[in-house]
Amino acid sequence: GESALSSDSGSSGGGKVVRIGYQKGSSSLLVLKSQGTLEKDLKQLGYTLQWTEFQAGPPLLEALGAGSIDFGTTGAPPPIFAQAAGADLVYVAATKPSPKTQAILVPKTSDIKSVADLKGKKVAVQKGSSAHALLVQALEKAGLKYSDIQPVYLAPSDAKAAFEGGSVDAWSIWDPYYAMEVAETGARVIADGESAGLANRSFYLASRKFATEHKDAVDAILKALEGAEGWSEAHRDEVAKLVSSQTGVDEAVQREVEHRRVYGIIPVSDDIVREQQELADLFYSLGLIPKKINVRDAVLPEYQH
Amino acid sequence: MSTVDYGAWIRVQGLRKRFGRNEVLKGLDLEVEPGQFVAIVGRSGCGKSTLLRLLSGLEAPDEGWIEINGRPLSGRNPAARVMFQDARLLPWKRVLDNVALGRRDAPLEEARAMLRHVGLAGRERDWPAQLSGGQKQRVALARALLSHPAMLLLDEPLGALDALTRIEMQGLVESLWWRGRFTAIMVTHDVEEAVALADRVVLLEHGRVALDEWVDLDRPRKRGDQRFGAIKERLLSRVMQGGAVDQPAGSEDSLPVEKVAVSLGSS
Amino acid sequence: MIRALRGRLSAFSGWAVPVVLLLVWEALGWAGVLPARILPPPSRVLLAAWKLLESGQLVNDMAVSARRALLGFALGGGLGFVLGVVNGLSSTLSRLLDSTLQMIRNIPHLALIPLVILWFGIGEQGKLFLVAEGVLFPVYVNTYHGIRNVDSGLLEMGQVYGLSRWEVFRDIVLPGALPSILVGVRYALGVMWLTLIVAETIAASSGIGYITMQAREFMQTDVLVMGILLYAALGKLADTVARLLERQMLRWHPAYQKA
Amino acid sequence: MIRALRGRLSAFSGWAVPVVLLLVWEALGWAGVLPARILPPPSRVLLAAWKLLESGQLVNDMAVSARRALLGFALGGGLGFVLGVVNGLSSTLSRLLDSTLQMIRNIPHLALIPLVILWFGIGEQGKLFLVAEGVLFPVYVNTYHGIRNVDSGLLEMGQVYGLSRWEVFRDIVLPGALPSILVGVRYALGVMWLTLIVAETIAASSGIGYITMQAREFMQTDVLVMGILLYAALGKLADTVARLLERQMLRWHPAYQKA
Amino acid sequence: MSTVDYGAWIRVQGLRKRFGRNEVLKGLDLEVEPGQFVAIVGRSGCGKSTLLRLLSGLEAPDEGWIEINGRPLSGRNPAARVMFQDARLLPWKRVLDNVALGRRDAPLEEARAMLRHVGLAGRERDWPAQLSGGQKQRVALARALLSHPAMLLLDEPLGALDALTRIEMQGLVESLWWRGRFTAIMVTHDVEEAVALADRVVLLEHGRVALDEWVDLDRPRKRGDQRFGAIKERLLSRVMQGGAVDQPAGSEDSLPVEKVAVSLGSS
């Protein structure tokens, strides 16, 4: 525990605590939280549970790295940056890929028909996001270089304004923004994760210390998550309702999102490690991380099965 | 602006001014001919400064009216320049620039000469903060005199000066007035000064003109002169008989001051 | 009659410009000039506010934020005041500390967050720290300036009348610096709310900064704009408070008694 | 001799606290008390800075940011000054505008960004707008305050000496308000850099706000801390400039001539 | 603090004070016995205020030393209270609180009585900004007198007052001094005032004591008295012969002022 200053984590005997970070978009944890079953499971193991909300993946990992939380979930890119920054966290599980939950959009009336038409155009994207990877991959597939377009780096909310205000020609974005934009403005999809061959999955992460010392807790969480994912798969509309009540995203839009999602938790297999390594290498080539990293270093064998 | 040929003609009628419940001027009438030199005397707090402020348009009367050169005054009086009771020098301007303030158009040489006249040659580049009290007052005087107005209002212009400097400054004021022929209204506490300089000495009391003494002496006036002395004596004894404006310092107070009798008069 | 009317009018004139702006905005919204999805008209914003009010969430968020804001203000404003006083009175200390403070002040809150999390964790302290840090500087700078500019003639007077250091401070330095300090307070009362938008990105789950940023994240433009208007209203509130303070505390000062 | 030494020492005393802080920090880093991952020691930060310098990126970023900062400062500071003057001189206008300005000031930049993009697109204007808006208020508030507090006796004097409105402004109002205006400028010089951290999230690809936020996003703590130190240094620079301005422009003012 | 039984004993030797290249005091020697009343006269800018500032410890001498009650003065002089040339009232305190400032411990009744003594009963709750120039000065005087120091330094305390009020205030100062027996040093431009109040009149000239006249008249002094008149005349003529401190207002200036002769003297 390097963070002598922040509150002690579960290891300190006595009343053990598990601190989970979640985002409003991470529906499985949300489902778990609202069902309240995990509390009971962990209590049996002698843990009390604390939920902490984060607005995005990077600050969640920031807190994980600082020892303020023990466990959390983000998309694929944030752990790469965290690992590059030397944060001592490990992948404990992955979700099945949901390639259809991100896409490259153009306005309804745009002349752009395909990814190849993006040549020379301005494309809004959040730097270092999975949508960034999508863009690179889609361009590659269409025979374009990244330098053939003008990337415009914007956070989703800002990109929306730029997209609708006509400041950019296309927008590489993920759900629920993707679904919202299509629903609200009739934006057209010119590529999605499936067509570009990008897996797009999320990961469950824990601090290395917590993952090794409290495997029982992590296993319990993962098990509960598995249950939540299973339940979610069967109750997509209810999940949509739950998420939309939290985020304020229109329920119909959220339903769309939940229906094209793929549910299910799987161990971090070697294939997944390889896939994540490719993403890391891509970010390195884009100059987003200062040095090459080895994803495998952040995977504990005991969580690979 | 060149020297004004002829001073302003002032008529004041039924002037009233209140501050809260304190009525300072209670229907004051006054007429000053162009080019006349009027001295105003009166007890502390009787409304002398207030009158000057009204004449310069810095304050508006509650009742009554003021006419300058036949035209009713409303808003500021562009013909008037005021030397205030406090020096009001601009702390961020050097002495010379403070003097020249009234006369942007005049060559700086004139300001320099005026400074010399008030005995402050060599202090042109000082900041006002570096001057003594009397020196500040003389800078303000220089500024007022340099401004060559049709109407100059002086509020105790020489109060902080020693006797010798004071007499020199009186000479300066008189000679410039004599040449410029502007209308001058000067508040002073020194009856001798009033008699030496003014065509008329006006005593303010109870918010009205209580006495309006025309000083009928040829200029240059000699203080040793008998008629000078007589007028001064008469005025002084009238002033000393004093209408109380504020409560007088009485001996009936609770603080048991062992009163030391003070007799007055002059040799 | 007309005077009384004028008085009434002028009491409202502070509201004239904002109200006109709102009306124009609504009209533009209806005319379709402003895309409602990005800048919804005030009526829609009101609706969003009403929903949040009804659910009790808005009241809760306001309460949480107000607590953070006021506590942070008390801490940061207090420290800023003390530092301003200390540096204003001692040129040695001011040489030592002033530069450092000016440097610290220039560090963006957003960049500080990782360090704040490191130092304070993700609880309330970090948020309070950010508010306090933001509030500190306007109070500090204006207190320092106000004290440096106290009429030295009055200070001398206080000295030769045998006032103790504390009396000189209480009776001369403080009242003399007060107009300037109140400018700082006025500024700080605004900053106090403003900082929350950054502070409440640290693992918060309520507060007006949180709902505004959350709305931004999930593109609820009506809530976002409501947040913006709420901030503006809080700005106006802070301003009113500062004005009342000024009018009360500077009764002797001619410039503060008019209109 | 000793005096000369003292003079030298006191010239450096503004740096004493920051330098001591840096040394302690480095020591703590080496001792392992501060986790390098979160707060890398100054030496590592220097290394990061050196790399960026070598690649020419840092210089480029600074230049880009400086351009934005200074242009935004000129625009916002200018407007703030004009508004402060106008409101300070006319109580009618101040009744109309002051509240509105206080309300606008209280809107967080982060929340404004979508609107800014809508209005200005993703080019330079939006960034300039944000800097200008941030800089406007400290200048405005302090100018307004300074002007309201100009000695009314001096204003009267200017009037009865027949100064034109412009002359009264130039010779009395402005110099009288200057100490306060300079406080605003000092504050604004800090804000000018601070705003960049938000402004440069708008589709920027260079600038110190941009690299700092990128570093945070991608958890490059050494670059992040370098950004923080850079900001601090810029704060110190702004402060030095403001001090020089004060010393130059307030030569007549006893409180500004010492030490 | 109760009334001081006996005033401070002051010794000044070889006092020098420079402002830049302007040497104001050039080796001044002065000794004042406890309880003595010394009046200081001298031309504007000759260093009177500077001397008071040195005695109160607000300014440090460049050379020479000051001894108070046998102990060398360094830093502020705790025995001294100063009434400055400008009133220096706290604008944020009401008149009564300004007066009471020197005497936090005394009952407010005393301050109220002192205000009545200076003729300002009924103005207790006013702000200083609402007072006339002379009224401000009287408030400052009340504050100085109420502070009951061992050593009271008065810098032109009555300069802004009309003749009548002035005489009343002179009476007040004298009676309080007579009772309190503090050491009083008063700068004044009014030689008559100096003779009426002081045990000694000291003339400052060229940075030194040029004249040290002991006024050997019984109190209460009568201005009509012949010896009073003689001392006054002698002093006045010496003062009038004046060493120039600043450049005098000469007639050789470039501005062609039509000089009006001013003769001096009194009847």
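Labels A, B, C, D and E are assigned to the chains in the order they are written; within every chain, residues are numbered from 1.
Following the convention adopted for this analysis, a contact is a pair of C-beta atoms (placed from the backbone, for glycine too) under 8 Å apart; a residue touches a chain by one contact, two chains touch by 3 or more.
Every value quoted in this text rests on a predicted model; they were computed, and no experiment measured them.
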{"item": "Mutual neighbours - chains that touch chain D and chain E alike", "value": "B, C"}
{"item": "Where chain A and chain E overlap in contact partners, by chain label", "value": "C"}
{"item": "Comparison of A-C and C-E (more C-beta pairs in contact)", "value": "A-C"}
{"item": "Centroid distance [mean C-alpha coordinates] between chain D and chain A, Å", "value": "37"}
{"item": "Gap in Å, rounded to a whole number, between the CA centres of chain E and chain B", "value": "24"}
{"item": "Approximate Å spacing (C-alpha centroids) for the pair chain A, chain B", "value": "84"}
{"item": "Chain E residues counted as touching two or more neighbouring chains", "value": "86"}
{"item": "Sites on chain C at which at least two other chains make contact", "value": "35, 38, 113-114, 118, 213, 216, 254"}
{"item": "For chain A, residues that touch 2 or more chains besides their own", "value": "3, 62, 66, 157, 160-161, 164-165"}
{"item": "Pairs of chains found to touch, sorted by chain label", "value": "A-C, A-D, B-D, B-E, C-D, C-E"}
{"item": "Footprint of chain D on chain C - complex, ascending", "value": "10, 13-18, 21, 35, 38-39, 91, 95-100, 102-108, 110-115, 118, 137-138, 141-142, 145, 148-149, 152, 179-180, 183, 186-187, 190, 193-194, 197-198, 209, 212-213, 216, 221, 224, 227-228, 231-236, 238-239, 254-256, 258-259"}
{"item": "Touching residues on chain B, where the partner in the complex is chain D", "value": "56, 58, 76-78, 80-82, 84, 86, 88, 90-93, 101-102, 104, 127, 129, 143, 147"}
{"item": "Touching residues (chain side chain D, partner chain B) in the complex", "value": "153-154, 156-163, 167, 171-172, 175-176, 178, 250, 252-254"}
{"item": "Chain A - residues contacting chain C, complex", "value": "3, 5-7, 21, 24, 52-56, 59, 62-63, 66, 68-69, 156-157, 160-161, 164-165, 176-177, 180, 184-185, 247-249"}
{"item": "Chain C residues within the chain A interface of the complex", "value": "35, 37-38, 113-114, 117-123, 201-205, 213-220, 223"}
